[in-house]
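Read from first to last, the chains carry the letters A, B, C and D; within each, the first residue is number 1.
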Amino acid sequence: MALAMNRDELSQYLKEVFPQVHKDFVVEDLTEDSITMRLVVQDQHLRPGGTVSGPSMFGLADVSVYAMVLARKGRQSLAVTTNSSFDFLRKPEGGADMIAACRLLKLGKTLAVGDVLLYSEGSDLPVARATMTYSLPPAGSAAANFG
Amino acid sequence: MALAMNRDELSQYLKEVFPQVHKDFVVEDLTEDSITMRLVVQDQHLRPGGTVSGPSMFGLADVSVYAMVLARKGRQSLAVTTNSSFDFLRKPEGGADMIAACRLLKLGKTLAVGDVLLYSEGSDLPVARATMTYSLPPAGSAAANFG
Amino acid sequence: MALAMNRDELSQYLKEVFPQVHKDFVVEDLTEDSITMRLVVQDQHLRPGGTVSGPSMFGLADVSVYAMVLARKGRQSLAVTTNSSFDFLRKPEGGADMIAACRLLKLGKTLAVGDVLLYSEGSDLPVARATMTYSLPPAGSAAANFG
Amino acid sequence: MALAMNRDELSQYLKEVFPQVHKDFVVEDLTEDSITMRLVVQDQHLRPGGTVSGPSMFGLADVSVYAMVLARKGRQSLAVTTNSSFDFLRKPEGGADMIAACRLLKLGKTLAVGDVLLYSEGSDLPVARATMTYSLPPAGSAAANFG
């Protein structure tokens, strides 16, 4: 149940593998079965009307669960998302960063499942709820696959 | 944010509207934004192999969110389920009751959303995660509808 | 891409593995990547108000995708449902059988995905849409698992 | 059941409301209950490894169902996404456009539901399946809401 990477190692690794977007995402907190991540909201994350776009929220939830899996499984992990469900609950604030609070519900041999509540920073009411399932490569495999 | 029914009133009401199955479900705890319910697992809830069946877990999650909405909106509520997502995480114990821990994430004018973790009693690891969305009848309407 | 069981073999096998409920479900049609199944609607499938219950619809969608996987993978398959999403669209007719039209979208090494439209017999408008993901046991494994 | 906008009117309207991204999306075909849309895949839609990113696929599915609702309800529609489910089935081709084939399953007073198969152009096997639910503003209302 131990972490394979701590918060600093995880942040460094995300920087390496997502060079284009690593500045968008910040690891705020990390435990053995939870992670909190921040989306630094910028113009490209907004949609007409000035709220955070659906694809940006999808990206944040997806990265959060992926980072959680990496923190437990280590750098070699080549997990791919196989399923996602999303409930959009309230209008996000366009002028606030978005915070993802993720719980790891399962880390099995071939599947990992995490769920996420998304908040506009400074609000207690979630703007969205998401679940992400990742397919994990078999031990010894060098390649990601979709199961 | 107050409850329209307390735990006893809610239990009594479920007995009236679900005469066939009310003995299957017990309201264990109720707050303004959460409910804990028990499925008293019996033979008809099991599938071959002796674990709790998918339809039984679906029913428990669905009743839990419905009961939460009733507790807040009151007896006249004619909510219908419009969406459900389910992640089955682990094998349930066939010989244990199933406990649903439900959070109310949103109670709007036309939609209510709750999510649920399901546990085999005595275990800390969830066997499933579910979200249910209910469509609420417009104020003054006498009939349930699917939106 | 060939079927491992034809319609008669599949029907016979469902009878063996689901002795309690096999009379509820009829395989109406089977191709290499689709199956049509009928739920013979009886009192136990109804909920107050006389419509088909959510758990009954869940069960029909789940059995349909499972039967499709069996038809392709053969009797030894020990697949378990790991994910489900459901959209309830319209009120089903309580007095009509329910028909599930299932497409197999993916049959991988470890995951199979099928989606389903549910109809009240005699109507062209779907009452629900569902997707089911099954985790398949690794080749040579004797036991079902949740990934 | 008639369309409120034909394909040209819809394309023109998407150009007005999505000035930043309208060149990414092309309406290929439109009927009363289906739409085919193309994502013109460019660098910003890719993720490391050269395949189309999850957020880009989410965006395409979301725009497709939104465009379908607009085509039926007309320009005044202020629908917002309330729910999404996604199954990622295969690795998309990074060098091919992505095609979304969307069916409108329901267009009610307050909710619309469409499902979508996503393909890399030139392939018959779907890379993903998605469902999107939109909350529609009540007749006479000037504002979008989350229900």
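Quick note on the criterion: a contact is a pair of C-beta atoms (placed from the backbone, for glycine too) under 8 Å apart; a residue touches a chain by one contact, two chains touch by 3 or more.
Here is each chain with its UniProt name: A, B, C, D = Hotdog fold thioesterase.
All figures in this text were calculated on a predicted structure; none of them were measured in a lab.
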item	value
Shared interface partners, meaning chains that touch subunit B (Hotdog fold thioesterase) and subunit D (Hotdog fold thioesterase)	A, C
Farthest chain (mean CA position) relative to subunit A (Hotdog fold thioesterase)	C
Mean-CA-position distance for subunit C (Hotdog fold thioesterase) and subunit B (Hotdog fold thioesterase) (Å)	24
Inter-centroid spacing, subunit D (Hotdog fold thioesterase) versus subunit C (Hotdog fold thioesterase) (mean Cα positions, whole Å)	28
Between subunit C (Hotdog fold thioesterase) and subunit A (Hotdog fold thioesterase), distance of the C-alpha-averaged centres to the nearest whole Å	32
Multi-chain contact sites of subunit C (Hotdog fold thioesterase), meaning residues that touch two or more partners	82-83, 85, 87, 89-90, 106, 133, 146
Residues of subunit B (Hotdog fold thioesterase) touching subunit C (Hotdog fold thioesterase) in the complex	17-18, 48, 53-56, 58-59, 62, 80-91, 146
Residue ranges of subunit C (Hotdog fold thioesterase) touching subunit A (Hotdog fold thioesterase) (in the complex, touch as defined)	82-83, 85, 106, 108-111, 133, 135, 145-147
Footprint of subunit D (Hotdog fold thioesterase) on subunit C (Hotdog fold thioesterase) - complex, ascending	83, 85, 87, 89-90, 105-106, 113, 115, 117, 126, 129, 131, 133
